[in-house]
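These are the structures in question, set out in turn.
What follows is chain A paired twice: with chain B in the first complex and chain C in the second.
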Partner chain A sequence: MSTLPRSLRLVWFVTWFNVRMLLASEFFILTTFITPLIFATLGFLLFHAGGETAGQTLLYVALGSGMMGVWSTTLFGCGGAIAWQRWEGTLELLVTAPSRYDHILAGQTFGAVVLGFYGIVATLAWGALLFGMPIAATFPLVLPISIAAAVLALGSLGMLIATSFVLYRHANALGNLLEYPIWLVAGLLVPVTTLPLWVQAIGWLLAPKWGMDAIRGAAIGSSPPWLSIGMCLVLAVVYYVAARVMLRVVLDKARRDATLALR
Partner chain B sequence: MTLPPPTGVPAAGPPATETRDTPAIEALDLVRTYDTHLGVVRRRRIKVEAVRGVSFAVRPGELFGLLGPNGAGKTTTIKMLITLLLPTAGSARVMGFDVIRDTTEVRRRIGYVFGGDRGLYDRVSALDNLRYFAELYGVEPSEQKRRIGALLEMVGLTGREGEKVEGYSRGMRQRLHIARGLLHDPEVVFLDEPSIGLDPVGARELRQTVKTLVDAGKTVLLTTHYMFEADALCDRIAVINDGKIVAQGTGNDLKAAVANRTIIEIETFGVAPETVDQLRADPDVVEVNVEERDQSQILLVQSEHGTRITQRLLGHLTDTRVGKVIAREPTLEDAYVHLIAATGGTDGAAARAALETAS
Partner chain C sequence: MTAAALSAPVHTSSGPRTAWRLFWYGGRMSYGMLFNWARPSIYIPTLIGGPTFQLFFFASLGSYASGRSPAYFAIGNAVQVSALAGVFGMTMAIANERWFGTLPALLATPANRGALFAGRFLPFIANGLFVSVYAMAVGVIFLGVRLDLATIGVVALALLTTVFSCTAIGSLQGAISLRLRDGLFGANLIMMSILLFCGVNVPVADLPGWLQVISNLLPFTHGLEAVRQAADGAGLGQVGGLIATEALIGLAYAAAGFGLFSFFERSARANATLDVR
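Then we have the complex of A and B:
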């Protein structure tokens, strides 16, 4: 088997395996399957209390709540999986396997992100069933492209963050730190235009902001979707290259400092 | 029990410099230092020298044993050889490839198995574990099913492969570890205390598996605390203590260090420390070690005067209740204890106690 199909097969296989591993975790199931619904319910009720009951507004809330779940799942899936591998003693085996570790890490991260996108489906269904939210997309053909671009961007960012988990056993503190602020900075629940400009500028560097804009743009026409899709793809490449460079540095440091076996 | 034939693992040709005389494993003055911290409030950085200039060479197809007490540097040495750790100084090659620079080439050719419960995905089945690692180790998809089936058969897990690993006994886990380590048909296999924690039957089965590997032409580097295991399996043995190789050779070579001695085992009940000191002070006694049993203490007296001094030894024990008295030839364990005690780091009794604990 030539190199490219082997690499793709490896990434696919690791993705599939990681999805199975994540689904065997009750905590992950709670985070992925229940939390977005709670966010969505709170959002619907808040906007309802403020008199914002238009269908577009409810869609805005549902998509934002779903993306909050995607981001939480990404952080938990990429970081938590590596932390768990430390506990199980499998991290050393993965790092010293003959396969490229960036492919393994990519499979692990994308497995989590793909599962996380369940949150968007769930919040849309939840809104439609309980709050009478209409499900209609402004650009229905662009929506799948937006979602795919968002998956790529979030997955690559997840990989970049995961490199720190390879090096530091307590990197889950970083994961926790990145959860809530990025919900705000990326405008997942409230529009970023309500935030100071310098805070908005931070969001421009982040995949969740452009992924959210791409999906909302295609679904409710809130912004031009193609610009956001393009930014997702650019950021995906930037994150991926940065993750590969970081991984090389991190693995060298881990071999030097003997941190892979630490729990 | 047979080892499956090689599979279509990705091309891993020999290095240009490899010849029949090239060692399968070669360590040259390996040094590994760890930085660690002492204290909580006033943290002080210290350096720990885990390996201090280890050199040895293992021939292709050889079963080489690395013996030493806990903390001697065995696992650190293995971790450098399998590319998990960078040496602080020195160099090492596996099948002619440098473990620092040629990591991918080394990794294609090695399998390794660590003892203990870790290193498996507990929440999925043994079959899922093996399929996953087969992918990571680059086993051709068309070969995976046959290879996994043959390895399950070899380690005696056929029929249990669908069960979740979390329900496996320690012995089953250890056998699964071995199957995992052999998935890509490695030329060199590192076994780091693979029999630790196994019951006697499990340990015997594992020794049989190790023999099978060697019969199939694999080069094996084994660390173990079981002296009889090393004596029975290994072609050559290196004893490592305090980060240094203190002796190297065949089991008989190592035993030669104590070959002129006789071991007199005296079973006692409630022997006083002063009495043991009296025995040690006897001019014809070379070494006395005490093994604590449930109700008794076994005095292991080494002498170069055969059994002629037995009566005199018993004369020191007139106030002590004595059970069986046995005279025997030195074993590898006696040689090991002698070597460890003679090279510092711990005394003979402590070395033997460590062995007992490990067993």
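Then we have the complex of A and C:
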């Protein structure tokens, strides 16, 4: 039986534990810190070639590239979360521990998302240092709320990814498949209005799209992004409920078939 | 395994027929055994699905941001995706010998090292060509890529040379990975560098001068330019120099890869670190 403060403490502890674990991985260092810088540079050069050199455009690119890193870290960090526990032999211990497993998994996925957000800081610094990008926000007081909403939505989506991808034997291959399409559909560097309507509709269901809109709205928007923040919170609840259901199905099946620890 | 066996010189050449068998069958086996992605459940999402979306992403981003035609970005990325097979494949084909525990057995044989090393190239060149041709077809069907039929042979030659040189840098990364904890980190960095430096999305001429120096030292830059010009109708006389430069760069990387592989073998024997991870 766990009370709310105990649960929050558990999620908090696992989040930071996982951030430290991922920081020891060269792959996640690359995904979180280096890849967004490469994409930011590409974005800056491409927009420069198109004659777009305004500070707001640079900020648009830096935020979008940073969010691309957040999505990659979420995708790979959460997609393989349960599979790694299986490989390391800790899954059975965690599932049978008195603490609720969904809280442990939540901490793990939030850890990946929080690490991903360091990438946004890296792209902002990169843009400011190399391309003279101004660092300013139209609604500085709304910005932390936007970031918190985006973290919540992406963390919950991460839980759903973790519980779904475990059904596929090669979660990393799914990660390789889903990086580019979500970058595109969520409008991270290209406005979704340039895409066909049916593609835009897919984006409406995705946390990266609303998270990006919330952060961009607070940084360079003309009005506070309350709708996007609200959508982040709604999606966070929907993803979390779906992930809980999925987790129960997956764990029940694994217990019934005695396959919890099988690789 | 005895110390004497480990320290004995093992490089022998047992005739061209043995070398050919080692080159041909050894290469095929290395693909099947050491390339982690050589199964449909990984191959299709990674080498078919990923490149497809990469083309659409950069065609959308590039045409929106710079105003260039989507076909420009489609061609660049269609050639670049061959690096998935070439760079990652060759890295795995060499470095996985160590991780799967087969390296000591391999190096204990008197097999011709040149044939053994060169044999690994062929399956990954074929694989890279397949991925690139597939991506090019996606570009032709969906993104407005047009190839001049009169010079399609020159496009094919330029593409083959480019895929070879990218496989060659993969072999160098594979050799480096024999000493690293995570060889795929370097492979990922090479992939990213190609995207940024080699004219895949941003013309080399638009890059700052110091970045252009790096561009000219990397594979892809000259080969991709040859593919672009040949697709527009340039003949072998016009792009032959670019193709030759690309081939030379590829040969240089392959020689560096083989040299490093041989150096690490000698060093591992001398220091008894063959199997140390």
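Brief remarks on what is shown
By our rule, the second predicted complex is superposed on the first by the 250 of 263 C-alpha atoms of A that agree within 3 Å, B and C clash if a C-alpha of one lies under 4 Å from a C-alpha of the other, contacts with A are read in each partner's own complex, and residues count from 1 in each chain.
We take it that a contact is a pair of C-beta atoms (placed from the backbone, for glycine too) under 8 Å apart; a residue touches a chain by one contact, two chains touch by 3 or more.
Because the structure is a prediction, the values reported are computed rather than measured.
Under the clash rule set out above, the superposition-derived model of chain A with chain B and chain C shows the two partners fitting side by side. Shared-chain residue A:L30: touches chain C; no touch with chain B. When the shared chain is aligned, chain C comes close enough to touch A:E179, but chain B does not. By the touch criterion defined above, A:T41 reaches chain C but does not reach chain B. In the superposed pair of complexes, A:R256 makes contact with chain B only, with no contact to chain C.
Seen from the CA centre of chain A, chain B and chain C lie at an angle of 80° in the overlaid model, rounded to the nearest 10. Within the superposed three-chain model, A:L93 lies in touch with chain B and out of touch with chain C [touch as defined at top]. Residue contacts after overlaying the shared chain place A:R6 against chain B, while chain C stays out of touching range.
Touch criterion not met for A:L205: it reaches neither chain B nor chain C. Nowhere in the superposition do the C-alpha atoms of chain B and chain C come closer than 12 Å.
Once both structures are placed on chain A, chain A residues 25 are touched by chain B and, in the other complex, by chain C. Across the interface of their complex, chain B is touched by residues 1, 6, 9-10, 13-14, 17, 20-21, 24-25, 88-90, 92-99, 104, 252, 255-258, 260-261 of chain A. Residues 10, 34-35, 79, 82-86, 104, 107-108, 112, 114, 116, 118-124, 128, 132-133, 135-138, 140-141, 180, 184 of chain B touch chain A in their complex. Residue ranges on chain A touching chain C, taken from their complex, read 25-27, 30, 34-35, 38, 41-43, 45-47, 49-50, 52, 168-170, 172-174, 176-177, 179-181, 183-184, 189-191, 194-195. For chain C in complex with chain A, the residues that touch the partner chain are 37, 41-42, 45-46, 49-50, 53-54, 56-57, 60-62, 64-68, 181-182, 184-185, 188-189, 192, 195-196, 201-202, 206-207.
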